[in-house]
Amino acid sequence: MNEHIAPALPDWQVSRWFNTEGPLRLADLRGRVVLIHAFQMLCPGCVAHGLPQAARVHQRFGGEGVAVVGLHCVFEHHEAMGPQALQAFIHEYRLRFPIGVDGPSPDGPVPRTMAQWRLQGTPSTLLLDRQGRLRLHHFGALDELHLGVAIGRLLAQPPADRSDVNASTADVAACADGACTIGR
Amino acid sequence: MNEHIAPALPDWQVSRWFNTEGPLRLADLRGRVVLIHAFQMLCPGCVAHGLPQAARVHQRFGGEGVAVVGLHCVFEHHEAMGPQALQAFIHEYRLRFPIGVDGPSPDGPVPRTMAQWRLQGTPSTLLLDRQGRLRLHHFGALDELHLGVAIGRLLAQPPADRSDVNASTADVAACADGACTIGR
Amino acid sequence: MNEHIAPALPDWQVSRWFNTEGPLRLADLRGRVVLIHAFQMLCPGCVAHGLPQAARVHQRFGGEGVAVVGLHCVFEHHEAMGPQALQAFIHEYRLRFPIGVDGPSPDGPVPRTMAQWRLQGTPSTLLLDRQGRLRLHHFGALDELHLGVAIGRLLAQPPADRSDVNASTADVAACADGACTIGR
Amino acid sequence: MNEHIAPALPDWQVSRWFNTEGPLRLADLRGRVVLIHAFQMLCPGCVAHGLPQAARVHQRFGGEGVAVVGLHCVFEHHEAMGPQALQAFIHEYRLRFPIGVDGPSPDGPVPRTMAQWRLQGTPSTLLLDRQGRLRLHHFGALDELHLGVAIGRLLAQPPADRSDVNASTADVAACADGACTIGR
């Protein structure tokens, strides 16, 4: 009876990958803490804050059990942020972590994953526990100390142990303001 | 058979307290994660980095189970950093967390606690787990993300549960360089 | 007999303008101090340092006799930095000063003005005096204090007075390192 | 008939000097642009902004005709900021430019020069032209670009030429907000 535990976040729908050898699924990352950074290459807050922060987490904690993935969620200026432009951007900004292009939607400008996950905009940061459940969801610049504490809490949970998740779920919402939410 | 677990850090030897109602002992903080910031009021790195960082941790995580304590470890310019000068400094820099004056030593310029804990200098940051054991010891400016992750790991440990401490001891040394050590 | 005074910088060759009512010529700015910021929209140093600095100069000294002009000198990733992408970039980064697209060259990837002025790369900052002569040319991030002093020196020269230019020419090279040169 | 030109700023009244070979008078600096930084060693804004800025001006433009002088204007916490404490502070913060202790007043806590010059508090920055006249007076953090432009304008004035001072007096008030004033 774990009715307070959210199910795993549904998978992204990515049309193209960079910095990977092949398509990546969320399920492939089970057992690791996952940081997803949703961005647009022409979004000033992403370039100034979000992407450098994701790169720092990747560089320092990538070997400690944290997987960092970028998701290019283009919902405006589509003509200026196609895959070719993104490739140049990734090259110029020396981004090393896997980056997926959120699949275009037939229904409007907002791409598929962004719509399904109900992201408010870019930059958005999502943090998943080792079981793939959403534990932190923040829109805007995310305080570095808060992000660190949230990552630390999730890293402390043993990969296969589901017994103590309930107890600490509430703790993870250690986030700066109302923009932080715990996974449903 | 817990021979790998360090004993609790021996208590500080403080000659005067600021921002407290009375003397504070390390044992009083058992059950909480403890951040100790050893500083000198005329140490540029303390003023620019260490004290503002300690203040951020106090402000954001003081209510989440983290106790922040400053320790004024004067080992040079004693005449310029007496308690009266420190009081003016605390007032001007709006420091709100408890601050103790490390007791002068009869043997030399290095004060008692600084000598006993073998601090290398200021700023030094120490992080204790809920059982009072030293888990991180860093000399110099401490990366905010690393500090956050280390705090988050310790916060995730249940206050009274000693059973899983061994398992995660190694994890806490998530620190930038050789200056970080795990409690003996 | 002013043989030490450089002639005015030859005009740019711009294929398209943004944030202007029509084409802009260097000669139109005679009488004002001119700051030209040569950039590429996917150049990290331009986005982080150069463009915000140019925007500050425009905002604070645009009304004091300093004209700020951006020049989009695309010499790599041409397909990702066309005029349409630049337009989105200008919109997202809220750039308000005139920006011209350096005209493509039939001879290679380096655009016309960039080649003629022998720019080393982006970001490059050029400062012209009220007579249109190059007085400072810096490649890379430019120290804010040095830029301010150089602008102040040029602003102090009366618009129509050519007599004291020789005397103060040497003064303008108040620049951080070897990357600064005085107009020939 | 130069009635709009302020007289030279009256000299400071300093009780002790650091970083000089002997007492320094304002008249000794005639012919140079002079930056005076009024500070207190326990003033956070001075430590974080004002003193590092003064040090940058000293380092980069000390050889170009700008004299930088610190003035320790203690008007509070006198017991914590005596000359011995200041000496330790100067040593720890590696300050290299001349620093004078504003002479205590028999009439109250505000020292003599601070009262005579009507400084509002610390940090305060004063800029004098080559004739010793006050041209910029700013209380609070001073924008680096504005300071640079103001210095550049004054450097551009020839040392002995008094004829064009009137014309450019108004130009020097290139300061961020109402806190900037031109010398009366």
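Residue numbering begins at 1 within each chain, and the chains themselves are lettered A, B, C and D in the order written.
The criterion applied here is as follows: a residue touches a chain if its C-beta (ideal position, glycine included) is under 8 Å from a C-beta of that chain, and two chains touch if they have at least 3 such contacts.
Because the structure is a prediction, the values reported are computed rather than measured.
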Legend entry - Where chain B and chain D overlap in contact partners, by chain label: none
Legend entry - Reaching chain D from chain A through chains that touch each other, fewest steps: 2
Legend entry - From chain B, the most remote chain by mean C-alpha position: C
Inset, instruction - Mind checking chain A against chain C and telling me if their interface is mostly the same residue numbers on each side, over half, or mostly different? - result: same
Inset, instruction - Please compute the C-alpha centroid of chain B, do the same for chain C, then give the distance between them in whole Å. - result: 51
Legend entry - Intercentroid distance (Cα basis), chain C paired with chain A, Å: 39
Legend entry - Separation of chain C from chain D, taking each centre as the mean of its C-alpha atoms, in whole Å: 33
Legend entry - Per-residue overlap in chain C, given as positions that touch at least 2 other chains: none
Inset, instruction - Once you've mapped the touching chain pairs, tell me: line, ring, star, complete or other? - result: ring
Legend entry - Touching pairs among all chains present in the structure: A-B, A-C, B-D, C-D
Inset, instruction - Mind listing the chain C positions that touch chain A in their complex? - result: 42-44, 47-48, 76-77, 79-81, 84-85, 87-89, 91-93
Inset, instruction - State the interface residues of chain A toward chain B in the complex, per the touch definition above. - result: 56-57, 60-61, 64, 143-158, 164, 167-168, 171, 174, 176
